[in-house]
């Protein structure tokens, strides 16, 4: 009986032990399940069609071309290697500009007929309207084939206009560059501080000072990211705006400063632990040869613990790349390819947090945000694995 | 000539009275062995000669230690200058995570030698001095960790010799080694004492008898007896020494 | 002997370089401490004037520019409680399994790598995952239970790691002593190992509560309500939460300028939770460390 009970408890422990592994698998499954749908979704809004005049020889339009047409950036079909004909944009809501209510019928029963007529009449037209108003028999225009979003468009795309109609544009590049810019800036700022404090705590400070510093670093790690974001918004952003005389203070630089503070505890703790593993005998050997403590630090301790210090840096980068709220609050969130540190940028996590609330579940936008999540997950996974690899590597 | 002169040395770890009123004189170009049971203070005493105990917080020294007539604990004395003159070899081989060459060159480099030709000469000379040259001459660029324990320990001795100290402290240098490596290091000590003053702490009484000119026996923080090695091992004055060397305890 | 003579002045140089380097490190270290105190000081001073009994016990009013943050405090409390109920037992049991039972080195290594990976997963990814699994697939909707599960999974790695470390620090001789008296493995763990490791495990749990109370991204899409003056009635209701509330009123409230005071107050309450949690964890650690020493 008691044996049986022990077996049950052991089983329970085993199940608990597998929860974290299971969670990782579930995260992968659900992230990719939702994200994968993106490449099965039509590039144009679902339930709508795009039609042109029959004489128009244009074959297919990329989402980016569609956006440029509807934004008025492309005004002639020849700009996209078509015929020389000015483009006439027709949105469903424009219908009443062409026809009276009587002509359309009290229950809009003549709408399909009228749209068909209009498309036939105007050679340069591009019409965007709900599928239900497409004349079933004898539509006198050319319905453009439904394009699917491609991998290349997502991973190589340089624009992020998720709510643009008729065709939203999901290009990863500006968000990825924004994320990298902010994170690398953060690491460059926090590395000298992080390593200096780690050296100070591991080798210079006496026991009492270290005992005081340790909880302070822990506290720094414990402050919620939203509080850092708020502090950044209330103090750092205005300060940056004033100091550099910028139109707005919400910039990549502001994000880097806030992230640098947030990445400090990770870098300090991991690097200090690494330096502490240096055998005392090795330090003594160096000192016994007449080296100063500082020479011992940079000639023996740092080379010895270099893999741990590298791990600290990689973990710091991981923390910076994945950080959401603080960055969302201080970087200004402009989804454009960044050209300078002192411009608003938008990172991957901030995009997810800012847009998911407005993206209808199951839609292309929703799926694109999950794909962003999957990309983010993969980046951090690669970082985690490289830490694993670095720390398992033999010290020379 | 008196090389090391310790006068009425008392040493404390916190409240623990580790060394009690020890006075000892060590002559130049001799080798002296410290023996005694674990915790008797022999290693602590040794580590006072290059101020290695400075690294341990909450310790206190009373009395004076002179090396070449200079009070090494007086205010103006710089510890790094002292340690260049007083080399040390540790219980376990502790090479740096560097190449064989760089391990030996380390002491020269941290002391500001930039002349590469001189560094190379010195490294080769030091490796030859410890009879390691033939074994490593083709792999100077390999990691020092690739060497065997005995080779590592000789490398550590070469490292200490490279900066030309006049005193060599050895803290149980063979305790982690096999008998063959131990024999090689003992032979080496015989050679080295012609040029250096050697102080060696050992648990191994045969070793003390083989390599030293004088022996000091420590017990519970006191220097019980200090004299010619032959006399200590054949005809000690104190009963406690007699008991220890005949293996009745310790 | 020549080289030693040659080196005499380099000693001064290397001592000076050490002085310079150490001075630099000390300076940077104090700067980091100063950063912390600036952040804390700023929020405590600005927020201190906002905090009042009404602020802590009233719902937000006038488009969240007046009134208090009571529903957000209650919501955060519910989320702490909800996630703790899930994560504490699973995390502790998982730590026990890894340190006491698992004998297969490969399996342990695999679980440990997975746990490390889990701790590296960004919080916003937890938010996405929680939304996809708990809110949509399981059909719980935006609810306290969905948020609690999401937060619980996020805090698991911390609890597992601290439990494992606490157990590892207990010498095997205690286990052997108990087993030698005929106790079973489970009895040994329950009566000998766990009581000894308890203080350190508790410290880990407290720190995880601190983390849960401040997380925003995971609750953004799983539970948090923009504005909900009445308290939740069941675990399937949405609720407000302190970190999300701070985000809302400092970035997208109806009148951001007018909400500033409320935002300072909310930030102070969050900071206060973190301070209390850290203080508690440290006190506990020191207290038990002393006790163990005395024994």
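Order as written gives the chain letters A, B and C; numbering starts at 1 within each chain.
In this text, a residue touches a chain if its C-beta (ideal position, glycine included) is under 8 Å from a C-beta of that chain, and two chains touch if they have at least 3 such contacts.
Because the structure is predicted, anything quoted here is derived from the model rather than measured.
Across the structure, the highest number of inter-chain C-beta contacts is found for A-C. Every chain gets a centre from its CA atoms, and the centre nearest the mean of all protein CA atoms is that of C.
If you average the CA atoms of subunit A and of subunit C, the two centres end up 24 Å from each other. Rounded to a whole number, the gap between the C-alpha centres of subunit B and subunit C is 50 angstrom.
Mean C-alpha positions place subunit A and subunit B at a centre distance of 60 Å.
Residue positions 14-15 of subunit C are each in touch with at least two other chains. For subunit A, residues that reach two or more other chains under the stated contact definition are 292, 295. Looking at subunit B, residues 80-81, 84, 110-111, 163 sit in touch with two or more other chains.
The residues of subunit C lying in touch with subunit A in their complex are 14-15, 17-18, 21-22, 24-26, 28-29, 31-33, 35-36, 39, 42-43, 46, 89-91, 93-94, 96-98, 101-102, 110-111, 113-118, 120-129, 131-133, 136-137, 153, 156-157, 160, 184-186, 207, 210-211, 213-217, 220-221, 243-244, 246-247, 250-251, 260, 263, 267, 270-271, 274-275, 277-278, 282. Within the complex formed with subunit C, the residues of subunit B that make contact are 78, 80-81, 84-85, 108, 110-113, 118, 122, 163-164.
If you check the complex, the residues on subunit A that touch subunit B are 206-207, 279, 281-292, 295, 299-300, 303-304, 395-396. Interface of subunit B with subunit A (complex): residues 50, 52, 55, 57, 80-81, 83-84, 87-88, 90-92, 94-98, 106-107, 109-111, 143, 145, 156, 159-160, 163.
Across the complex, subunit A meets subunit C through its residues 2, 5-6, 9-10, 12-14, 16-21, 23-24, 26-27, 30-31, 33-34, 192-193, 196-197, 199-201, 204-205, 213, 215-220, 222-231, 233-235, 261, 264, 268, 292-295, 315, 318, 321-325, 328-329, 349, 352-353, 356-357, 361, 369-370, 373, 376-377, 380-381, 383-385, 387-388.
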